[in-house]
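Structures follow.
You will see chain A twice below: alongside chain B first, and alongside chain C after that.
So, the complex of A and B:
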């Protein structure tokens, strides 16, 4: 099998497995899995910038919440239906990412991390400031009656699961295509050696901006899907915690791998789920496991598999 | 002239790295720049390709003033540059390194990119290493790979900063052959410490000393120049 064939087998195999999973898993777990797939979209968006381009952002909650509120507010306040509201979400996160990217790409390294963090904090405060509309930390629910798409009830567990799967598939296959495309290879080149990429004639600043926008819009799509499928938008999703989470997911799953984002979210979700069932001090357990993972799997789950056994892993 | 500079100057805090350099390079020439360590050779070519911003002065390439252009725009006009300190994509395969260089110019035409990459791998005798990571190559092969990335761009002006530094003798011979096999219309600007290489490949030589042009001439003229002997050849380099 060529590497392309192996990569296709992996991606379609994972999607097939997820399609079956709903039929065999108890409702509790299939509900978890729907949420995991949506958050994995967020992690994949983050991975475009962190894993492939080598830019560590601490402000992605801004893009996630731009999508979440882009959809949530247009549905909640303007009474729009999900499809056009989703388009608004994509536009909102694109514009936010373009503006933020344009400004933050003037910095590098630690300054980049701090400036992205500050922009996200400004976004969070903006949501609180417009509390009349956003209801601040408390947030607002999207009415069940409005969460209907071409005759399907998105609050129904099976519709919700398969909608999440379709969105997840689109983004996973897009990412798989991207990393093999000339554009994706250029992102990796910038990650590996920015100065060399520039001296080969690549417009590094413009390419990085495109990466921020792509990463931002995928993160925004995840935020919008989250609000739509789980019926809630709140300022918690704009806090620092939601900027750190995708970093952890991607580190655990494998930065710069297509499937690492999914396995990172899956692992962390069930780790927290299991640990919190055992003890109130579950965050300590989670912390220790994360330390162990970074010690023994420094390239994350999929990254370590790639380094040790399967160099073809995309 | 493919390249001209006028009054090109670089001042680092307190250090005059280059002072008022006027330089003309005709199309197709192989020009060596020599001079003692710290003479300002790397600074000069750095300002030519845009990697180092000039304090003042002008650079023109093929009749266009490129003084205000960003480095990547200058490269796109037909320059290629190899770093004095090897700079390849360590985590990527040899083939992917060359691909990236070829693809920037050939764009989405996959077939042309593959053909170009194969040609370069053959020409540099590294085809059998094409799937290795660049980081697993020996130092000499990494330098050769970097030269290959330059060639893959089919540059009109190829700038090489001490390409033979640290190469084994046989590799240096291969490098000389490579330089001689370049198309007649490719202009080469070569910074070189190894006088055997300079005498073997250069058609014309510019000597820099303390950030200024000390002499220009054919290899024979430079060899006979007493000022050059004092400033450079006499001081132990070469």
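So, the complex of A and C:
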């Protein structure tokens, strides 16, 4: 079996497993899994920039919240239906990512991290400033009656789960295709040696801008889907915590791997879920486990599997 | 073809090149020689636009390269193989070549030509670049640079740290490039290698071009090697 065939088997196998998981899992866990898939989309978007292009952003909550508020406000204030509101969310996150990317790509390394963080903080403060519309920290709920898509009630657990699965599938397969495409190879080349990529005739700044925009749009799609499927948009999702989380998910799952983002979110969600059920000091437990993961799986779950046992893992 | 006129360059406030000129013609190998820190690598980096040109002029077939972006300099037809190879280490040999070939119109044919030039790479296509031997890495670095079908090839110490058989292979490829009418600018410390293949030698010291001489004349006056290089 070729590496491409193995890779396709892995991706479609994972999607098949997720498709039947809803049928066998209790409602609590299938609800968790729907949320995990949406957040995994966010992590995959982050992974495009961090894992494949080598740019460590601390401001991705800006893109996530751009999508979330792009959809949420058009539905909440203008009464738009989900489909056009979702398009608005994608356009909003595209524009925000293009503007931010254009400005932040003048910096590198630590300066890049700081500037992205500052942009995200500016976005968070903007949401608070326009509290009349955004309801600030309190946020706003999207009414059940408005969350209908081509006759399907998105508040229904099964519809919500399979909508999340469809979105997750689209992004996962897009990412799997992307990393094998010339564009994906170029991103890795830039991550590995930016100067060398320039010497081969690549306009590195333009390609990095494309990566920021792609990463921002995927993150925005995740934010929009989160608001749509779980019916809430709030400033919490624009805080620095939501910029750090995708970094943690990707590091735990495996940076620069297609499925690492999903397994990172899955692992972290259930780690917190389990630890918080055992003790009030669950963050200490989570911290210790993360230290252990860093020590024993330095390339993340999927990254370490790839390095040690299965070099074909995409 | 590639012409450097009294160029000056350096790293930030530290000036390294003070006055260097050279003229590389098609089908000619020109070697830059000098002691460590003389400015040899700085010269190649300045040609590629990786270091700013503070004075002087660099032209390729009359086109001024002094103020254009590094990726556009490469697109003008100058390929650069830096010291230490600098491969995309997590990509396979095939993927490294693929990245090099993305801007080349006739990809399949060029890829075949490169694998014919470096047959050893054909057996290593699926191997990750950082698992290759030093000589194989050098071949891949050269193949990837040649993938853009350049008219000028800049090589920075291509034989550094290689075993003799590999050095012979690299030397043969450089000679083939000369036969294909590429202008080759070579930075090399190994005097024997230079005397065997170079047409001209530019001696550099403290960022200044001291003398340009053809190899024939250098063979006749070997004391110049001692004077400029201490060997």
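In this section, the second predicted complex is superposed on the first by the 314 of 314 C-alpha atoms of A that agree within 3 Å, B and C clash if a C-alpha of one lies under 4 Å from a C-alpha of the other, contacts with A are read in each partner's own complex, and residues count from 1 in each chain.
Rule of thumb we're sticking to: contacts are C-beta pairs under 8 Å (C-beta built on N, C-alpha and C of every residue); 3 or more make two chains touch, one makes a residue touch a chain.
Model, not experiment: these values are computed from the prediction.
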With everything superposed onto chain A, say whether chain B and chain C fit together or clash.
clash
One more residue to check, A:196. First (chain B), second (chain C), both or neither?
both
Please work out whether A:282 is in contact with chain B alone, chain C alone, both, or neither, and reply first, second, both or neither.
neither
Which of the two partners, first being chain B and second being chain C, lies in contact with A:152: first, second, both, or neither?
neither
Contacts of chain A common to chain B and chain C in the A-superposed view 182, 185-186, 188-189, 192-193, 195-204
Please give the residue numbers of chain A that touch chain B in the complex, ascending.
182, 185-186, 188-189, 192-193, 195-204
Given the complex, residues on chain B that touch chain A span 49, 51, 70-72, 75-76, 81, 83, 87-92, 96, 99-101, 103-105, 107-108, 149, 153
Given the complex with chain C, which residues does chain A contribute to the contact?
182, 185-186, 188-189, 192-193, 195-204, 256, 311
Under the stated contact criterion, what part of chain C meets chain A in this complex?
48, 50, 69-72, 74-75, 79-80, 82, 86-91, 95, 98-100, 102-103, 128, 144-145, 147-148
